[in-house]
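What follows is chain A paired twice: with chain B in the first complex and chain C in the second.
Right after this comes the complex of A and B.
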C-alpha cells in the first residue's frame, strides 16, 4: 500500500516570520521531521519508562528513537531543582507547560534535574535586556542563564556574577558532542565564552555556513537568453545585463532588475558580499594585513574599485533603482518572490525562503544555483558566516550543580544531533497520526505535523534552546548526508512513514540539500573572516556609530551616483581622523594580546 | 464659612483627588529620580546609587557628535513643517467638511481621512514603500503623464517632503475632528443673520466661522509647540536609509543607532533629559501664549 502523506510543502516550511527566528537547532529539527531515519530498535533505554520515550514505536508506520547512554551518576537521587531563564515563545499540548512537558519529564527521568522557570522573554532584542537587567538589579539571577546577550554578559563579568566552569567542564563535558563539536575553527566557538583563558560560559553556536552565499539564478531565464551559469564577475554582469535587456521579469514594462540587492551590501539575504570578496576585501570586516596587524577593510583601495563597478552596474539598471531603501526580507518577497529578478546571492536556505514564493507566483520559474563568481584575478571569496552567536549560556556565581547541567546538555546534544538516534520529537506534541478525516488516529498511516512545529526547543541548555543553539555546527549537513547515504539504501517496503515521505522531496528541497552540503564544504575555504571578535572597544562605543553612518552613507551615495567616486578618498581620511585611527590601535592592541 | 465648615462639606471632593495625586506622584514624579543616569556611567548591576558619576560627559558627548548639528536641524525642520501642515490642513479640511451638506458624504470622508491614524507606521511604511517604489503606483502615474520617475524615499531632494506629507496623511484626520467639534459650537443664528444680510459662503467663513474657532486654533497651535522636537521616530525609522541621512536623520533615530552599538543607557537618558528640557520651556511659552491670545488658563 502506497499512501501519500497528506501534507503540502507549505506545511513543512516555516512561515516567513518564523524563518527569521528559526535557524540551527529548530531548522535541524525540521530537517529531522522531514527526513526521518531508518528503523533501529530502542536501545540504551535503561529505566526510562516507555511512555516518556520519544518517537512512536507502537505505530505500524512509525519509528523508534534510540536514547544515548545515561550519564554516569544519573539520575541524581534525590532530584535537584535548578532555576533557569528561557527564550519563548512556546506552545504545549493540553496540560503541559514549560516546566512540565515531554522534554522535562524525560529529562527528569534521565538526569534527576527538575527545572523551574525564573523568567522568560519572546522579543530577543529589547525584552531580553530588560529581563536580564531586572534580574541583575534585583539580585535574583537564575542558576542557569540562557542565551545571555553579550552586553549583559559583560555586565555580569564586570561585577563578578558568573561562575567559572573551567575545571567542571574539563571533568564532565561530553568528549564528542560538546568538546569536539565546539572545537571547530581553532577554538572560534569560545570567542565569547573563554575569558582570559578561563571558561566563564558556554558558546551559543548555529549551523555552519548558515549565511554563506551561493549564486542563485533562474535556469529558465538563462535558457531564454542562451547563457550558462556565470563563473566570473564579468560573466555575472553579462548575464544580469542580458536579463534586464530582455525584460524577462514579471510586472511593469522595464521593471526587470539584474541582481537582487538590499540596503546593506554585506547582509544575510540578497547580499553583494561575493562581489567585494572577488577583490579579496569585505566591508566592515577586520582582517590581518601582511604585517600581521588587523586592518579595517572598508577604507582599502580595493573597496573603491568595487564601488566603481557597482556604480556602473547601478547606472545600467542591474540593481533596482530603490534597492538601498529595501531591507533583506523585502528583497526576498519583493524582488525574488515577485519575479522581477533572476539572480540573488543568498544562502542555501533561499530554496526555502524567497524562491518558493517565486515558484508559487510563476510556476514556470526554475531556479538553480552555482558557486560564487571569481574576480578578475581569480579570487573567489565571500563573507564567512560566523556560527558563534553574540550571546552565551552562563551560570550564577556560586551555583553548585554546574556538573549536572553539563551532563544533561551533553546527553541532549547527543540525542538530538546524532543521526543514528532517529530523534524526531514526541508523538502527540510534535506530530500526530491522523486519518483521512483529519482525526487524530494513533494507528492510522497518515502523518501530520502539529502547527508551528519547531521541534526540540523545549528543554533547557544549548541544543534545546529556542532560536537555535546546536553544539555541532555541521549537524544539518550530517543529516542530509546520512539520509542520502543510509536511508536511500533501505529497501522501499522497510521504510517508515518519514523516510518514504522525505526521500526525494520536491525540486526546491533537493536544491536546498545540494546547496547546503556544498556551502558547508566551502565554509572554511572561501570565507573571509572578521577577525575582530570581542566587545566593542572604547572608541568604537563612542565613535563607532557615527563612523558606520559615514560609511553607509558614502557607499550608497557613490553607488547610486548621488556622490562622486572620489568621495571615497575623503571618506577614508575622515574615517581615520574621526576615530578610525584610534579604533585601529585599540583593535590591534587586543589582537596582539590574543596571540 | 470657616475653614472647618468648608472642610466638613468639601472633604469627599478632596478624598476623590487623592488617588489621582498618588498616581501622579508614583508614576510620574517618582521615576524622575531615574534622570540621574544622565549624569552617570550607568550600569544596571550597580544601580542608581552606585554607578559612577560623570558630570556633563554624556551631554558633552551628545553635542560633540559630528552629526549633531545636522540631526538637530533635520528634527526642527521636519517637526515644524509637520505642525504647520497639520494645523493648516486640519482647518481647511474642517471648513470644507463643515460646508458639505450631505451628512452621508461628510461622515464617509471624515472616516476615511481618520482611518490612517489607527494604523501603525510599520504597516503604513510597507504600504508607502510599495506606493512610492520606482515602479509603484505613483511613479507609474508620473511616467504615464510623461514625467520622470522619482526616488521619493531614496533621494535627499524628496525625503523630507515624503515624510511631511505622509505624516500629514496619517495624522490630519485626528486634528480635523477637534476643529469640527469647535465648529459645532458656533451659533447657527449668526450664519442665518449674515445670510439674510447677503453674505456669501466665503464671507460667512471669513467673518463668522474663522473668528469662531480662533481660540481653538491658537490653543492647538500653542500647545503643539511642545512637539517641536518630535519629528516622528517610528515613521522615519521605517522609511529612511543611509542615503538620506543628510536630510532625514533626526535626533531620535541617530541616538537609536548610536545606542545600538552598546547599551548606552546614560546617553539615552541624556537625550531624553535634553529634549524634555527644551520641551519644558516651549510648553511654558505655549501656555503663556495660549493665555495671552486665547484666554486659556489652567488655574
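Right after this comes the complex of A and C.
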C-alpha cells in the first residue's frame, strides 16, 4: 500500500491535465518559449521517446526514472495485438482510456504489444463470475485472463481451456523479479498455479504480512497508569483492566473499552487471533496434528480455555458490551478513532486506518505498537496472512505469445518493484507539480500526489493489475528500507521533492513504516497457516454455512455469558455429528492426496 | 357520505391513521438516514454514529461525488438511457396497442398477434442465448444493448391496449365519417384521451430504465460504460476483507460511507423529482383500462 499525502480530489480541476495533451515536441517548444532554455530530457532507452518516460527529469525538484533493459527480441515488429480481461474500475485523464494510457503507450514502445480489452468488471464477486461465465459460454476467452477466480479456473482446467506455460516459463521468466519473487514459503505462491507439477497459470500475490496483527496501544494511557507495553496475555489483561478502571477514554463516564474486538474473533482489524494463537490454535483454520492429519481448530480443547478467558474479560468490561455486532471498520472509527479504546490487535496499516482519526479527535493521543503477547506457555502466534490470493492469471489454450507476455510482466515487475529505478508513476496521473499559487505547472516547485495514489495498476499482468497484485510480496518493506537506508543519507539540500515527501512523514507514518518492516520480519515465523487451501469440499458446501453459524453463535454466547462454558463440549459434538466428521475425512483425503 | 360516528368507528379510523403514518415513516426512515449520512463527516458516518441527523455537517461528500469522472459518466449514461429508452418504449407501445385494440372484425388475425405477444411475454430464450443475439448484432457496449432487447414492454402494451378499448367507439366512428385516417384517429383522438395511461406507463418505463442494473452488467464488457445503478451496485456492496488481500482502494472504500450515501442520494433524486409531475395521473391511470364496460 502506498502512503497518501494530505490531498483532496476536489482540489483538482480538469485544467490540470492540459499540458498532457501536448506532444513531446510541442511541450519542448512551449517550455523553451517560456523558460528560454532547452529542456533536458531523460536519456531515451533505445527507441523509446522521452515523452513516454515516467518521472520528471526536467523539473528542478524532480527525479529521473531508470527503465530496465529492454527484454531480448523486443519490441516485436510488427506489433502483436493481445486481448485481455481486466478488473476495474479506473479513471483516466482526458482522452485516455484503458487501452490508451501512459502505461500502454510505454508498454507498446518497450514490448511491441498492443493490448485490447476483452471485458472488465469491478470488485464485486458475483460480477467477475458472471463475466467469465459469459466468456466461457460464448467461447470467446481472452488471450490473457486476469485474476481468474478459482471456481472459474477449475472449470477452465476441467475443459482443457488453459495453456500449459511450464516450458515457456522456464525459458523466459525473469530470474529475479518473477522466479525468485515467487519462491517464498517453499513454493507457497504456486499453490493454485501449479497443477500436478505443471505450471498452468501465474500466481496472484499481494503484500506479505499485510493482515498480520501487531499490538497497537496508547502510549499516553500507558504513561497515565504507569505501565509498559504488555508482552504476555496476562500483562495485556492487567493493562486493559487498568485502562478501564482509570476510565481514560473520551465520552461518557465508564464508557472506556479495554480491547477493541469485532464480530468475528479472527478478522482483519481489531482481531482476537493473537489470543487464540497464544494457545497455539486458530478458530476456523485447519492445521496438521501430530499424526499428520489436518484437524479443525475450532473444536479443540485449547479453544475452550481461550473462551473461558475471554468470557472472564467480557464480564469485567474489557470488551464493548455489543462487540459482537461491530464490523471491523466500526471498531476502527467508533472505538479507536473515537478514543474510547486504547488497545487493538490490528495490522501495520492501522497507522493509516483508525489511528489518524484518533489523533485528529484528540491531538494528545500518542500511539505505539508492540509484538503480539505470548501465552502462558510462551507460545506467540497469530493468523498468517497468505499473500496468495484465491485467483490466478492464465492464458487461453493455444495462445501463441505467452513468452511475450511473460517478458512484459518481468520488465514491469523490475521497473515497478526495484526501488533503485525511482518509479513513482507518471506526471499528470499519479502526481502533479504546482506553482506557488496552487496551479498545475510542470515546472512548479510543489509536489502533489494524486489521491489514492496507486501508480501501478494500469498495465495488464501481475505487477500492474488493479488490486495491488505484485510479484514480490516484500515490495513495500523493500521500499521502506530503501528510503531509510539510501534516501535518508542524501544531504537534505540535494533531495528531490519525492524523497522529501516520503522522508518527512509524521509520527504515524513513521510508526507505520516500523510496524510494516517488523510484521514482515515475523511473517513466516509467527503465523499459523491454514493448510486447507482448495475449493470447499462437498459436505462443506452443503453444511458449512450452518456449522459456521453454530460456531459463531456458540462462541458469542459463551463469551457474553449467555451460555455456560460447558456448552462448548456439546458444540464440539454437534459439529462432528452435523457434518464435521465427514468434512474432516474429505479435507484429509485432499490433504494426503497433495503429498 | 354519511359518517359513522360511533366510538368504535372513530377509534378504528384513528388507529388506521396512526398505523399508516408509522408505515409511511418506516419507508421514509432509510432515505432520511442515508441523507443524514451523506451530509456527515467521514469518521462519524463510517463508525455508524449517524442516525437521522448529520454529525459534523459537511458538503464535501457531494463535492467529491460531483467531481468524480466515473460517477458523472455513469450518470450521463443513465440519463441518456432513460430518455431514449422511455421514448422508444412509449412509441412502440402506442403503435402496437392501437391495432390490437380493434375488434377482430376490423383487424383480421388480431388473436394471432395478441397470442404472439403474450407468448413472448411469458417465455424467453434465457440469459446466454439473449447475450449471443445482442453480441452478434454488435450491440455490446452500446446504448442499444440497454434499450433494444426490451424495446416493447408487453405488459405495458396490454394495459395500453385495454385502455384504448375503453375509449368510446362513437368518437372513432365519427372521425372516420369525416374522412380521418387511422393515423389521424390515433394521434387526435386516442392519444389525447389516453394521457392518464400514457403518463402512467411513461413513469413505469422511466423508473424501470433508471433502476435496471443487470442488463448493463452483462452487455457492457467495459466497466467504463456502466450506467448509474450498475455502478452503484458495485460500490455499495459491503466488503469483508478477512480472506482477501487488502487493497488501498478497498480501505478507502471502507472509510467512505458518507460518500456512498451522497452517491445514493444523487442517484435517487432525479427519479423522485419525476414522480410529483406524473403522480396525479398515476393513481387514476393504473386502474383505468383494467375495467371494461
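The rule we apply is simple: the second predicted complex is superposed on the first by the 547 of 595 C-alpha atoms of A that agree within 3 Å, B and C clash if a C-alpha of one lies under 4 Å from a C-alpha of the other, contacts with A are read in each partner's own complex, and residues count from 1 in each chain.
Basically, a contact is a pair of C-beta atoms (placed from the backbone, for glycine too) under 8 Å apart; a residue touches a chain by one contact, two chains touch by 3 or more.
Predicted model only: the values in this text are computed from it and were never measured.
For the composite obtained by superposing both complexes on chain A, the positions of chain B and chain C are in clash. Within the superposed three-chain model, A:330 lies in touch with chain B and with chain C [touch as defined at top].
Of the two partner chains, chain B is the only one that A:136 touches; chain C does not reach it. In the superposed model, A:310 makes contact with neither chain B nor chain C.
Shared-chain residue A:540: touches chain B; no touch with chain C. Chain A is touched at more residues by one of its partners, and among chain B and chain C that partner is C. Look at A:82: by the touch rule set out above, it reaches neither chain B nor chain C.
Of the two partner chains placed around the shared chain by superposition, chain B is the only one that A:578 touches, whereas chain C remains out of contact. Legend: residue contacts after superposition of the two complexes on their common chain; A:117 is shown touching chain C, with no touch to chain B. Of the two partner chains, neither chain B nor chain C is touched by A:145.
After superposition on chain A, the stretch of chain C whose C-alpha atoms clash with chain B is 114-122, while the remaining options among 60-68, 114-122, 222-230 or 258-266 stay clear. Overlap of the chain B and chain C contact sets on chain A: residues 137, 330. Partner chain B is touched in their complex by these residues of chain A: 129, 133, 136-137, 151, 155-156, 158-159, 161, 251-252, 254-255, 263, 320-322, 324-326, 330, 535-536, 540-542, 544-546, 548-549, 552-553, 555-557, 560, 562, 578. Looking at the complex, you find that chain C touches chain A at residues 43-44, 46-49, 60, 63-64, 67-70, 128, 131-132, 135, 217-218, 221-224, 226, 231, 233-235, 237-239, 241-252, 254-255.
Residues 43-47, 61, 65-67, 129, 133-135, 140, 149, 151, 153-156, 239, 241-243, 245-246, 249, 254, 257-264 of chain B are the ones touching chain A in the complex.
Touching chain C in their complex are the following residues of chain A: 1-2, 4, 8-10, 12, 88-91, 97-98, 117-124, 127, 130-131, 134, 137-138, 206-207, 210-211, 264, 266-269, 327-330, 332-334, 337-338, 347, 349, 352-353, 357, 360-361, 387, 389-390, 452, 454, 466-468.
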